[in-house]
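Below you'll find a set of structures to go through.
Two complexes follow with chain A in common, the first pairing it with chain B and the second with chain C.
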Partner chain A sequence: MIRFLGLRLARAMLTIVLVVTFAFVVLRMSGDPAMTIMSPEAPAEAIAAFRKAWGLDQPIWLQYLHYFGAILQGELGQSMRDGRPALVLVVERIPATLLLTVPALLLKIGLGLPAGIYAALHRNSLADRMVMAGAVAGFTVPSFVLGLLLVLLFAVQLGWLPSGGQESWRSMILPVITLGLGGAGILARFTRSAMLEVLGQPYIRTASAKGVPWALVVRGHALPNAAIPTVTIIGFMIGSLIAGAVVVESVFSWPGVGRLLVVAVANRDLAVVQCILLLVATTMVSANLIVDLLYGVLDPRLRGGGH
Partner chain B sequence: MSATTMTAPRQRIPVLVLIAMAWIATILMVALFAEMLRPYGITAMDLRARLTPPVGFGGTIRHLLGTDELGRDVLSRLIVSVRISVLIAFGATAIAALFGTTLGFLAAHFRGLVEQGVLMLIDFQASMPFLIVALSVLAFFGNSLPLFIALMGLYGWERHARIARGLAIAANAQGYAAAVRQLGATPGRIYLRHLLPNIASTLIVAATLSFPEVVLLESGLSFLGLGVQPPMTSLGNMVGYGREYLTRAPWILLAPSSIIVMTTLSVSLVGDWLRDRLDPTLT
Partner chain C sequence: MAGLVSIRNLRVRFDGNEALRGVDFDVARGEAVGLVGESGCGKSVTWLAALGLLPGKATITGSVMLDGHELLGAPASQLDHVRGGRIAMIFQDPASALNPVHRVGRQVTEALRLHRGMDGAAARAEARRLFDLVGIPDAGRRIEAYPHEMSGGQNQRVMIAMALAGQPELLIADEPTTALDATIQAQILDLLRRLQAETGMALVLISHDLGVVAEMCTRVGVMYGGRIIEEAAEADLFARPGHPYTQGLLAARPDMAGPRRRLEAINGGVPEPWNFPPGCAFAPRCTVMTAACDAEVPALHTIATGHRAACWRAG
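And then the complex of A and B:
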């Protein structure tokens, strides 16, 4: 178990290092930051001063080390547009995003898991076909199309709900539904195929054949085993709580991290983009780590340390 | 998939899959002959017919699908958008397949450190939401069509790499690969002439599965205004533009939206069907 944990932890750290390196390489490859920020007509002294201030006059490996050190200390630079620390700018947007993504996650799990399990237990029934059709739709209808259709129906035609903004809890409804429905389809599809795979296993037939009631077979044997692949998907969904609403936030003009990212990308505000990239990587890696630990709990075979 | 229930080994192609195939063929035709099919230029303005609704909703046959705020013909823009979106999706899927398969083969051939490196890259790719990575790259590098296609080509390569590596390792242990090697064939010849044809069907299915995802990704980025840049137009671009006229002229947005949904749905249906036929182990 310790070895298993250690390996996972090392791998998580490595991924973070890889993301930081990626950010650094891309940042430096994208051209001279001094030229990007300042206009080419800026006086030479001003450019030189800018380079010195940002450490751009040092050798590249030293810049990399400095960069790494700064990030370890939580210094992610200032927003090149409004001069405030990028980290502050990003962190103050997080609650708004979570306000959408957490209820959406609950909706995904609450809708997707039971639908997938039910569909698998009643394979080829009408309900199964409907769940699968919904799952395919959830996957193939892009979130901006679904969001805009919902706006068209509930905000424009019926006038029941606001089309965007963040005035009251009612403006949360449409974005949460948009986010949740698509994810629920994906989750239902995964849960169904995981359940079907488990239901085909010999131990299910054995348990059934020795007279265990079907409900108990499902609860005691099928569900725990099917949980393992499903937990992976849920882990990915938890990992994308912060950045999973980029498109939907834009559709509904919701002032969250995703909206900030889109604006920062459009303005080429590199410090903010980089800060969000690192934040997302960290949440993603942490979520994966938790999922790995959960595997150990769910699947005793993994506790030995091997796969 | 519900449409492809196992009944007999030699079943006929399900109707739904046939419809999907017909739709894909239509879209490909439209993409190929876009310049001949479009009734007007995509920037041609008909200022006296601004925001005309489509035929059947009060419009005229001069503009079958209506016009936008500048009086540009929605049908013409739609046809050209299909071409750009299909071009990007095809280009990106091909790049991802080529890149992924190459890395997978390299990992299978050299094993050891090379393999660990490739596996690490796969892990990295799979653990980061691609949209965020793509947005960061766009922020750092700015945007141009070739760069955008190359960037989309980074999507889904890890699926090909995984498959190619796994299958190549398995195939290397089989008689035919060893036999050709004994005959003195170079590694390049073994991989390209002997291994690749044997695993091509699986790779094609994998490409079919990632194609709709690329379409969604491209249209999402273009919708955000960060993908295909005007005056060029893509399906996502049109939706993003049409959003401004959601209340007054919903047809601007509904036309490209339905094309996106129909196309991704069709390719997914065909992909799922192909997978069930050729290799049910793929996810």
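And then the complex of A and C:
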């Protein structure tokens, strides 16, 4: 178990390093921040000074080494825009994002799990077909399309809900639904297929053959087995709590991490972008680690040691 | 002997294909009866249908009486009482027949709770006793194990302990040793024989191995193409097989005692449910078929006392 965890931890660190490196390279190669921030008409001396101040005049590998060394010391740099520490800028946006993504996650689970289980238990019924059609629609319609449709209907036509901003809890409703529906569809489909797979297993027939009532077969024998693959998807969703709302935050002009990312990329505010990517990678990787641990709890076959 | 289970004209369809085409079969109290036939003949489906364990897409007609009570179409609450409580069933592959996420002891105590109202320490003590009874060493510790931590033979013993937990009047053992290696096979069969003698429960042993059935059972039914095509006392069947299919099965048996001879396997294969011949299902493979065999399905008829066969030429 210790070995298993150590291995997973090492893999997690490697993933983060790769993400950080990749982001660094792509960002440095996709345009000159000095030009974007200073505007092209700025005098050449000013641009050169800006480059020097931010270390952009050095070779890229040296920049990378500096950057990496700084990260190791917990130093994530300053925003090129307003000079404040990038980390502070990012962290103060996190609550707003979580205000959307956490309720959306609950919506995904609360809607997706029961729908998937119900569909599997009533395979090929009208309800099953409806759940599956809804699920397909839920994750094939891009979230900006769904978001705009909801805005058109509930904000513009009916005038029931605000179309954006962060004035009251009512502004949360449309973005949360937009975020939640697609995920609920994905989760419903996964849960359904996991349940169908498990319901076809011989041990389900064994449970029925020994006289376990069907409701108990489902609860005590099928669900604990179907939970194992389903947890992977939920873990992935938890991993995207920070970064999963980029599009929706933009559509609803919600001041979260996602919007900050869009603005920072447009401005080539490298430190901020890198800080967000580092944070996103860390959440994803941590969620994966938790999923790995949960596997051990849910599936005795994956538990090392013990007996 | 008093009748226990009586199956009449049992028919099962999957997606419009008839897999069982009118099975008639009886099991008396306390008897050990064998059910043989090549794979795909309908042996498993017969008992899964009787216990309501087939998937919903299966259409089942006919009658399965347990002690004078109809099981087909009985409400689930009644079937849950019968399953495990009066008729228990164990399966071919014990490794996949046990739930991988539950400890084996818990899978046994679940049956104890359902059928004997036992809970907590009493259930655990009884589970331990059952583990001892089926020959699992170190029962007190093994009830804490998970199925993947045990061998195939041990898992099959757990399945048997689980089946015994409800003190059933009939145990259906569906190829209980097919997935196990030879020495373990013999041990499990010994165990079943001993338990049957000790508890007085009836046993239906499903097997494609005539030798296994000959050792264990007093009466044998032979299935082919979704029907019983011959039925007789064990000695009768082996001495005077009436159906060419049974004769073929006997001829194809490797003879352990005598000198090695060539296996006279029956040519061809079992017909699929969507592709049954119009007359006798065995006709295409039969060496002695006549025109009548293709015209009409021969009924199961008495050819000697206690010996029935479904062949136009037998009798």
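The rule we apply is simple: the second predicted complex is superposed on the first by the 260 of 307 C-alpha atoms of A that agree within 3 Å, B and C clash if a C-alpha of one lies under 4 Å from a C-alpha of the other, contacts with A are read in each partner's own complex, and residues count from 1 in each chain.
Here is the rule we go by: a residue touches a chain if its C-beta (ideal position, glycine included) is under 8 Å from a C-beta of that chain, and two chains touch if they have at least 3 such contacts.
As the structure is a computational prediction, the values presented were derived from the model and not from experiment.
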item	value
Fit or clash - chain C, chain B, common chain A	fit
Touching partner for A:Pro300 - first (chain B), second (chain C), both, neither	second
Which superposed partner A:Gly244 touches (first chain B, second chain C, both, neither)	first
Contacts of A:Val102 with chain B and chain C, given as first, second, both or neither	neither
Touched partner set for A:Gln201, first chain B, second chain C, both or neither	second
Residues of chain A touched, compared between chain B and chain C (which is higher)	B
Chain B versus chain C as contact partner of A:Ala48, first or second or both or neither	neither
Chain B versus chain C as contact partner of A:Asn225, first or second or both or neither	second
Arrangement angle, chain B at one end, chain C at the other, chain A at the vertex (C-alpha, nearest 10°)	80
Touching partner for A:Val212 - first (chain B), second (chain C), both, neither	second
Which superposed partner A:Thr15 touches (first chain B, second chain C, both, neither)	first
Touching partner for A:Leu62 - first (chain B), second (chain C), both, neither	neither
Distance of closest approach, chain C and chain B, by C-alpha atoms in Å	7
Touching both chain C and chain B, counted on chain A across the two superposed complexes	none
Contact footprint of chain C on chain A as seen in their complex	201-203, 205-214, 220-221, 224-225, 298-301, 307
Residues of chain A touching chain B in the complex	11, 14-15, 18-19, 23, 26-27, 29-30, 124, 128-129, 132-133, 136-137, 139-145, 148-149, 151-152, 156, 163, 239-240, 243-244, 246-247, 250-251, 261-262, 264-266, 268-270, 273-274, 276-277, 280-281, 284-285, 288
Chain A partner contacts - residues on chain B that touch it in the complex	1-2, 5, 120, 123-124, 127-129, 131-133, 135-142, 212, 216, 219-220, 223-226, 236, 239-240, 243, 246-247, 250, 253, 257, 260-261, 264-265, 268-269
Contact footprint of chain A on chain C as seen in their complex	48, 51, 53, 76-77, 80-85, 88-89, 91, 93, 96-102, 110-111, 114-115, 144-146, 148-149, 159, 162-163, 165-166
